[in-house]
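When the chains are written out, they are named A, B, C and D in that same order, and each has its own residue count from 1.
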Amino acid sequence: MDKTGIHPGGRPAHVDVRGHDEPHHEELGWWRKYVFSTDHKVIGIQYAITGLLFLLFGFTLMMIMRWQLAYPGRPIPLIGQWLGQDRAPMGIMLPEFYNQLGAMHGTIMVFMGVVPLAVGGFGNFVMPLQIGAPDMAFPKINRASSWAYVLGGVTMITSFFLRGGAAQSGWTSYPPLATLPIANGQTMWLLGMIFLITSSLLGSINFIVTIVQLRAKGLSYMRLPFFVWAQFVTSFLLLLAFPPLEAAGVLQLMDRLAGTSFFMPSGLVLSGRPIPVSGNGNPLLWQHLFWFLAHPEVYVLILPAMGIVAEIIANNTRKPLWGYKAMVYSVTTLGFLSFIVWAHHMFMTGMGTTMSAFFQTTTMIISIPSVVILTSLLLSLWGASIRFTTPMLFALAFLPMFGIGGLTGLPLGLAPSDIHLHDTYYVIGHFHYVVAPGTIFALFAGIYHWFPKATGKKMNEVLGAIHFWGSFICINIVFMPMFIQGLAGMNRRMYDGGALYTHNAGLPIKLNLVIGIAAWSLGLFQIPFIVNFFGSLKWGKAVDRNPWEATTLEWSAPSPPGHGNFLTEPIVYRGPYEYSVPGAAKDFSAQFEPEKAQA
Amino acid sequence: MHSDPAAVKKTVRGYLMVGAALLVFTAITVAANQLHFAVPVAITVALVIATMKGSMVAAVFMHLSHEKKWIYGALLLTLVFFIVLMCVPMFTLMDGIGTPAAAVGGEHPGH
Amino acid sequence: MNIPYTVDERPDTGLTNGKLGIWLFLASEVMLFGALFSTYIILRVGAPEWPHGELNIWLGAINTIILISSSVTMVMAWASLKMNDWGKHRLFLISTFLLAALFLVNKYFEYSAHFATGELPSHSTFLAIYYTLTGLHGLHILGGMIVMAYLLGPGAKMWKENSDQFANRIEATGLYWHFVDLVWIFLFPVLYLL
Amino acid sequence: MLNWMPIQASTHAAEIDQMTILVHWLMLVMFVGWGAFFVFVLFRFRRGANPSASYAGAKGKFAKSTEIAVAIVEIVLLVGYAIPSWAIRVKAFPAENEAVVVRVVGTQFAWNIQYPGPDGKFGRTDIKLVGSDNPLGLDRSDPAAKDDITTINQLNLPVDRPVLVHLSSMDVIHSFGLYEMRVKQDAIPGIQIPVWFIPNRIGEYEIACSQLCGLGHFRMRGFLTIQSDAAYRKWFDDQEKELQPAAATPTAR
C-alpha cells in the first residue's frame, strides 16, 4: 500500500482531542467490554457475527428441506437420526416438520440473518464511521436493541425444542392457520417477533438521530456516502412500517392466548367440529397488516445491499458514482413508494378492479427507481479502471443477479400473470434472486471490504475468489430452475415438492434433484469463506488505515478504530467519491483531505 | 427555546388554561353523549371534540406550535403513512369480489 | 469520549439528540396505535351489531380527567425546572406519578368488574379490542410511571451535576406522557361513547 | 417457455399466457441489453486495459431514454393488458342461469363440492350438521337440498360452458388452483368468492391447493374432469339417481 497517500485528517495526529480517556478501554472487564459494551463497533461486530451464524443456521434448515424435496420420503443422512420421533421418525421427515423448517428458514433469514447483518452489523459499524461520529447517538439504547435481538432469536430457536415444535404456518403466519391451537411454536414466534421488532425500532431511532445530528463538520446531505443514505431510508422504513406488524402480532397473540377472534370469522369448523370462538374477525386484516410491514421489509433487505455495492463499485472503479444525485432521489422515492404497494402480495384474495389497478400501478411505478439505481451503477463502470478484488467480484455479481430478481418481479406485479405464478416456485425464484445472490452477495462483498477496517487484517484473495466463483455458479443452479418449475405450476411449500401432481411430472420434478445437489455444493463453497474469515483474524495480512485507497471517512480512522473512533476531529471537504479527479496527485481525493493537500 | 425562566413563566398561564379547556371539552363530550344523537352524528361530534383536544395537547403541552423543521418533517411523513394505514379498513372491506358467507345464507353460525 | 449534542442543540437542526429521538419514538407509536384503530374500524364496520353502553362512561370520564390533570402537572413539572424551582418540580412530578397510579387503580376496578361478570376478551370482538387497546395503553402508563420513578429517585441526582440534561430528560418524559394522554383522549370516546 | 407451462384448457388461458410472454420479452430485452453492456464494460475497462479512470465517466442521455422506454412499456402492459384482463376475470361473471354453478368449499385437506341439482338452488348448510359423512353440513331436510349432489375432491364440468364457482373455506385459507385453466383464487373462511372460466378442452386435470393450509397441504389434491356435454349430463343424472334413496331418509349429524 502507498502509505504516503494516507492523510488521517487536517491536524497532526498527536493532538488527540477525544482520545484522553482511552486507556480505560483496556481495563474494562470482559463483561463491560463485550456483553455490556456500548461501543457501536463492538455491537456492530456482534450483530454481524450473530447474523452470520443465523444465516448459516437458516441455510442448514434449507439444506435439510432440499433433501426431502430431492428424495421425498427417504431418511435424511447424517443428522436424520438425531431429529427425534416427532420430527423425523427413522430419519424420515414429517410434513409438519417440513413446514416448521420452511417457516423458520424464512423468518430466520429475513429477521435474524439479513436485517441484523445488513442494518445491525454494517449499519452500526460503518455508518457512524462514515459520518465522522464518535459513536451512535444513544449508545445504551444501541446495546438494548442488540440484546432485544438476541432475546428474539433465542425465543425463536427455543421453539424448536418445545412440544409441538416451531411455528409451521410459513413466515407469513396467515391466520386462521396460525391461530389454530396446534403448536406452541406460533406463540413463541409471535413473542420472538415482538422482541425483534422492538430491537429494530430502537435501532432505527438511533440510526436516524445519529445521521441527522452527528454528521461531521462539512458533511452535508449531498456529501453523504450512498451507503449512509441507504441506511437512512431503511431506518425510516423500519420505524414506520414495523409498528403495524407489532400491533398485528399482539392481536394474533390475543387470538392464541386470550381466545379472542380478531382474525377468525364466525362459523369455522375444524375436523368436523365447530371452533368455539366469538367470531366476526377478519383473516384478511392480518394479511394487510403483515404486508404493510413486509413489503417495506423487502426494501429493508435490499437498500443496505445497494448501499454496500455502491461503495465498493465507486472504490474499485476508481471513479465517482455516475448519477449520485439521481440515486439519492431514487432511493428516497423507493422508500416512500414501498408503503403503498403491499397488496400486490394479495391479488388472489378476491380483489376487485379498483384496488388491483391501484396496486398494480404502484408496483410498476416502484420498479422505475430500482431501474434508475441499477442503471446508474452500471453506467458507473463506463470509463472505469476496474480492480477485480474479491469485494468487487461480489458487488459486480450483485448487478445481474438483482436484475434477474427484480425483472421477475414484473410478471408477479401484473395481476393476471400472477394468477398463474402466485404461490409457485416462480415467486420463490424471484425473491431469492434478490435476497440470496443479490443481498447476500452484497453482504459478502461488504464483509471482504470492511474486514480490514474492523480487524486491521485483510482477507485472503484466493480463498475469496474460490468462495465467489463456487457460490456464484451454485446459487444460479439453485434458483434458475425454479422459474421453470414455477411456470410449470409447481406450488411452493410442498412437502413432497409437488410429486403428486401430473403437471409437475417430467422436467420440473427432476429439477428438484439438481437444485438439491447445487444447494449442498453451495454449502460446501461456504467453507473457504468460514476458513478465510477466522483464519484471516490470525494470519491475515496486516493493513494500515486505508488499504483500498478509498475516499470516505471511515478510512481516516485507525484499523481497527479505537474507542471514540477518530484520533482527530474529522472534517469533510468534498463529496464522497472523488476518485481520479483531473489534476490531482493521486487517483483518490478523500473526503477528509483539506484542499491544500490536494493542490 | 424556553430556556430563559421569564419566558417560561409566561407560558405557564397558557398551560393552565389549556388544562381547563381540556376538562371543559371532556364535560361537553360526556354531556353530548347523554343527548343520544344518532350514531353518525355522535361519532362526528365525539371525534371532532377529541381531535380538538388532541391538537391542544400536541400544540401546547408538546410545544408543537413552534418546533424545529426536522420534527415537523418526521411527523408529516408519519402523518402520510398514518393516513395510508387508516385506509387499511377500506382496502380490507371494499372492492372485494366476495360476499360475507353469512350474507349468502350458506353458513349459519351456530350461536 | 462524549457524544455531541446530548445537552446542547446542534446549531443547524436546533435539536438535541434526545428531542429528535423521542419524537421519532412517538412517530412509531402513532403507527402502532394507528394499526389498532384501523383494526377497530374494520371489526366495527364488519360486525353485525356493535354493543353500546357496555362500559361505564363515568369511570372512563373520571380517568380522562385524571390523565388530563396529570398532563398539566407534568408540563408544570418541566416548567418549574426551567424556572429553577426544584421544590415545585418535585411536587408536580410526584403528583403526576400519583395521578398515573390512580388511573391504573381505577382501570383495575373497571377490569375486575368486567371479569366478575364473565366479560372476558373472548366474549366479543368489542371486548377483545377494548382490552387490547386499553391494556396496551395501560402498559404505556406503567412504562411512564417507571421512568418517573427513576427521575424522582436515582435519576434526580443528575440535576446537581448537569441540570440542562436533567431538564431535557424531563422534557422527553413529558412529551411521552402527553402522547399517552393524547391516545387516551381518542380512546375514551371511541370505546366508551360510540 | 410454453413447453414448460401446462396446456391451455380454458378460453382465457391464451390471453393470460400472451401477457406473461410479453412481459418476459420485455424482461429478456432489458436483461440482454444491460447484460451485454455490462459484459462489454467489464472487459473494456478492466484495470489492465484502462489503467486510469475517467472522472467524468459516461455521457449522454442514453440512461434517461432507456428508463423512459421501460416506463412506457410497463404502462402499455399495465393499461393495455393487465388492468382490462383482470377486470374481465373479476367482473364479467356469467349469468347464473347460463352457467354451470357449483360451490367449492375447502377444508383440511379436501375440496368439498356441491352442485345445486336440477332446481338450481343450493341447499342450506349448517355447521352443526358437519360430520364425517357430511363434510359440508348440508341439511337434507331443506327442500332445496334434496337434489344437491355433493362430492369430495371430484369436480365434473361440461366443456365449452361458462362455469361459476362459489368458493369458500370452512377452516383455514386454501387456494383453488387450476393450472390448466389458468385459474387461481384463495378460498377464505367467512367469505364466498366467485370464480369463473370456460373450459374448452376435454380431459382430466387436477385441483392444486396453492396456499399453505397445514401438514396435509401437499396432498390436498382434487380432480377436475372436463367432459363432453353428453357425458357430463350422464354423470349428473347418475349422481341424481344415486341420491334418491338417500334423500328419502335425511341424514342428520
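By definition in this document, a residue touches a chain if its C-beta (ideal position, glycine included) is under 8 Å from a C-beta of that chain, and two chains touch if they have at least 3 such contacts.
Keep in mind the model is a prediction, meaning the values are calculated, not measured.
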Any chance you could check whether B-D or A-D wins on number of contacting C-beta pairs? A-D
Could you put a whole-Å number on the gap between the CA centroids of subunit B and subunit D? 43
Separation of subunit A from subunit D, taking each centre as the mean of its C-alpha atoms, in whole Å: 33
For subunit A and subunit C, what's the span in angstrom between their mean Cα positions? 34
Quick one: subunit B and subunit C, Cα centre-to-centre, how many Å? 15
Give me the residues of subunit A that touch two or more other chains. 208, 212, 240-241, 244, 265-267, 274, 279, 282, 284-285, 289, 292, 349-353
Could you pull out the residues of subunit C that touch at least 2 other chains? 13, 15, 20, 24, 27, 30-31, 34-35, 38, 42, 46, 48
Spell out, as numbers or ranges, the residues of subunit D touching 2 or more other chains. 90-91, 127-128, 170, 188-191, 193
Got a list of which chains touch which? A-B, A-C, A-D, B-C, B-D
Mind listing the subunit C positions that touch subunit A in their complex? 1-5, 10, 13, 15, 17, 20-21, 24-25, 27-36, 38-39, 42-43, 46-48, 120-125, 128-129, 131-132, 136
Which part of subunit D faces subunit A closely enough to touch in the complex? 1, 4-6, 15-17, 19-20, 23-24, 26-27, 30-31, 34-35, 37-38, 41-42, 45-47, 50-58, 62-63, 66-67, 70-71, 74-75, 77-78, 81-83, 85-87, 89-91, 107-108, 127-128, 130-132, 135, 137, 170-173, 175, 177, 179-180, 182-186, 188-191, 193, 206, 208-219, 221
Using the touch rule from the top, collect the residues of subunit D that touch subunit B in their complex. 90-91, 103, 122, 124-128, 166, 168, 170, 188-194
For subunit C, which residues count as touching subunit B in their complex? 13-15, 19-20, 23-24, 27, 30-31, 34-35, 37-38, 41-42, 45-46, 48, 57, 61, 64-65, 68-69, 71-72, 74-76, 79, 82-84, 174-175, 178-179, 181-182, 185-186, 188-190, 193-194
In the complex with subunit A, residue positions of subunit B that touch it: 70, 74, 77-78, 81, 84-85, 88, 91-92, 94-98, 100-102, 107-111
